[in-house]
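Input: structures, listed below.
Two complexes, one shared chain (subunit A), two partners (subunit B, subunit C).
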Partner chain A sequence: MADIATGTELVPTARQDGDAVLASIRGEIDLHNSPELRGVLIGPLIASQPKRLVLNLSQVPYMDSSAIAVMVETLQKLRKFGGKLYLTNLQPRVKGLLEIARLDSIFVITADEAEALTK
Partner chain B sequence: MSDVAIQVRDVTKKYDNRVILDAIGLDVQEAETLVILGGSGSGKSTLLRLMIGNIIPDAGTILSLGKDLCAMTPRQLADYRRSIGVLFQSGALFNSMTVFDNVALPIREHTDVPEETISIMVKIKLELVGLRQHADKMPSELSGGMKKRAGLARALALDPKVLFYDEPSAGLDPVTSAEIDQLIIDLNEKLGVTTVVVTHEMDSAFRIADRMVLLDRGKFIVSGSPDEMRNSKDPLVRQFVHGLTEGPLTDRRRAGGYESDLLAEDI
Partner chain C sequence: MSDTPSPVPPFDPQTLAQTRRVELNITSDPANLGPARHAIEALCTVCGFDDKSTGEVGLVVNEALANVTRHAYGGAIDQPIRIIGQCPDDELQITIRDWGSGESPIVLPDAPHDPLKPGGIGLICLRQLMDQTIFTPQDDGMLLTMMRKRTRPSMERANG
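Entry: the complex of A and B
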């Protein structure tokens, strides 16, 4: 397992675990900081072309559609080399946003990181 | 107990000395759907315009999202308007732009979000309102219901915390109206968006409301849950809610001096 440098408050740490990259996101994500999230997700987190990008959202009480759009964009890039995007530990409002935007079937949503690594 | 999103305190609004709103008070709780009912000329659209910072009251204060709308600088008011969404009756689309560009406009104007992200955001909003397949159309190619849905997609563009709807069902067929109502419910329940709806369409009001208030001649007559309104014994509430042909509203109209007007000899 190796750490990946991200250098942001929103994604303070990430780590490579085999062909997976796991990262925890912290804080609310909206129009003000979603460009920062984008810089990390479509930058260092997929640089190694992981088969699984696992984002732990347990510390994300709210995200807006710009954050969701960044994740869709990340998934577009992942798919180019056969990767998948896993979202784990979703809080209710985030889950609600994904449901209402009918995106809960585009991402792989799991209860926790362990499930994401085996699913 | 939830927090208050909007506080209207002793607000009076006049046009040419005619009192439209008369020292009214109203609290809108965070994440609730409040329906403001009232007939034509009751003052409900004026109240909406006050709450979105479009006009200012002659007396009283309006606090929305913790800010005093009456004390804002033009720049603060512009910031406030970015934090809310408004669906106008007509949809208020720019006719020279495609549906896609109409929805993208507020994001392009008010944020630094890159175009790739905007493109996905707009598709999400259009999918929400069932118009993703019509993104490239011009407003003139849309039906009334589609224009309203496009207007809603644009109102949602910046993920507002409060959404105001001005007569969302007006001019729509029953199925489209029910679809818009369901969308209002979903946005409120799943995203916790505080929702204020001005309407006189009772079917729609009963579908979406957590709480209803009835405005008549510039004053609130009653506030209650849909069940409380439905079962109210107040004659005016009963007439309005049930659409009765006899009651205080029609009595008032009939007492308008018709006979003396007709029989006056100074013609």
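Entry: the complex of A and C
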């Protein structure tokens, strides 16, 4: 297991675990800081072409469509090398937005990181 | 407009409870999205909206303001936006005025939304989460008026 430097408090922790990358995201995400999130997701977090990118959203009380767009773009890049995007520990408002956007069946949504690593 | 746009000022909860009205004159800087959303959510709470409905209204306001920055102002972050929220009775009314391109937003296509294609989620939120959404072109911009009754079920309850 090895830590991955993200260079932003928006993603305070990230680590490689076998063919998976696990990262925690922290804070409200909207058009103001979604470009910063994109820079991390599209950059260091998928640089190793992980089969699973697991994003722990337990500290994300809110996100908007610009954050969703970043995750969709990340998913599309992951798919090019057979990877999947897992979202864990969703808070109610984030879960609601994914349902409205009909993305709750596009991403793999799990209760926690442990489930994401076995599903 | 004569008001000088500024960052969202702090609001006094006691005053909010008495007036049940919020007026914000802000710039189109995305840094103002969060504070503006929080102010409208505070108004929703004062007006008796439950937490889920409050979150839905906050999301709608966020998406509407982001659309103004991206489309009406072409990404410029120093342009004026006026937001007025009020709930004199059982209905919340929010108006968002901009002095941008004045073009009507993209009309949602009849075909089902493709979740993997970018864009459009903001407008879906506006249409699905509010009872009424009216875009009224102005001589020098756009006026968006949105209404939602306090008794309207949130999306989760509406979907069963």
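In the analysis below, the second predicted complex is superposed on the first by the 119 of 119 C-alpha atoms of A that agree within 3 Å, B and C clash if a C-alpha of one lies under 4 Å from a C-alpha of the other, contacts with A are read in each partner's own complex, and residues count from 1 in each chain.
By definition in this document, contacts are C-beta pairs under 8 Å (C-beta built on N, C-alpha and C of every residue); 3 or more make two chains touch, one makes a residue touch a chain.
For clarity, every value in this text was computed on a predicted model and none was experimentally measured.
*Asks:* After the alignment on subunit A, I want to confirm one thing: do subunit B and subunit C clash, or do they fit together?
*Replies:* On the superposed model, which is not a single observed complex, subunit B and subunit C clash.
*Asks:* Could you tell me if A:Leu31 is touching subunit B, subunit C, both of them or neither one (first, second, both, neither)?
*Replies:* Both partners, subunit B and subunit C.
*Asks:* Please work out whether A:Arg93 is in contact with subunit B alone, subunit C alone, both, or neither, and reply first, second, both or neither.
*Replies:* both
*Asks:* Could you say whether A:Glu73 touches subunit B, subunit C, both of them, or neither, answering first, second, both or neither?
*Replies:* In the superposition, A:Glu73 touches subunit B and subunit C alike.
*Asks:* Return first, second, both or neither, reflecting whether A:Ile106 touches subunit B, subunit C, both chains, or no partner chain.
*Replies:* A:Ile106 sits against subunit C, while subunit B stays out of touch.
*Asks:* Taking the stated contact definition, name every residue in subunit A that is touched by subunit B in one complex and by subunit C in the other, in rising order.
*Replies:* 30-31, 64-66, 68-69, 72-73, 93, 96-97, 99-103
*Asks:* Subunit A touches which residues of subunit B in the complex?
*Replies:* 107, 110-114, 116-118, 120-121, 124-125, 127-128, 156, 158-159, 186-187, 189-192
*Asks:* Considering the complex alone, what residue numbers of subunit C touch subunit A?
*Replies:* Residue list for subunit C touching subunit A: 30-31, 33-34, 37, 52, 55-56, 58-59, 62-63, 66, 69-70, 113, 115-116, 118-119, 121-122, 124-125, 128-129, 155-156, 159.
*Asks:* Any idea which subunit A residues touch subunit C in the complex?
*Replies:* So the residues of subunit A touching subunit C come out as 28, 30-32, 62, 64-66, 68-69, 72-73, 75-76, 92-93, 96-97, 99-103, 106.
*Asks:* Which part of subunit A faces subunit B closely enough to touch in the complex?
*Replies:* Its residues touching subunit B are 30-31, 34-35, 38, 64-66, 68-70, 72-73, 93, 96-97, 99-103.
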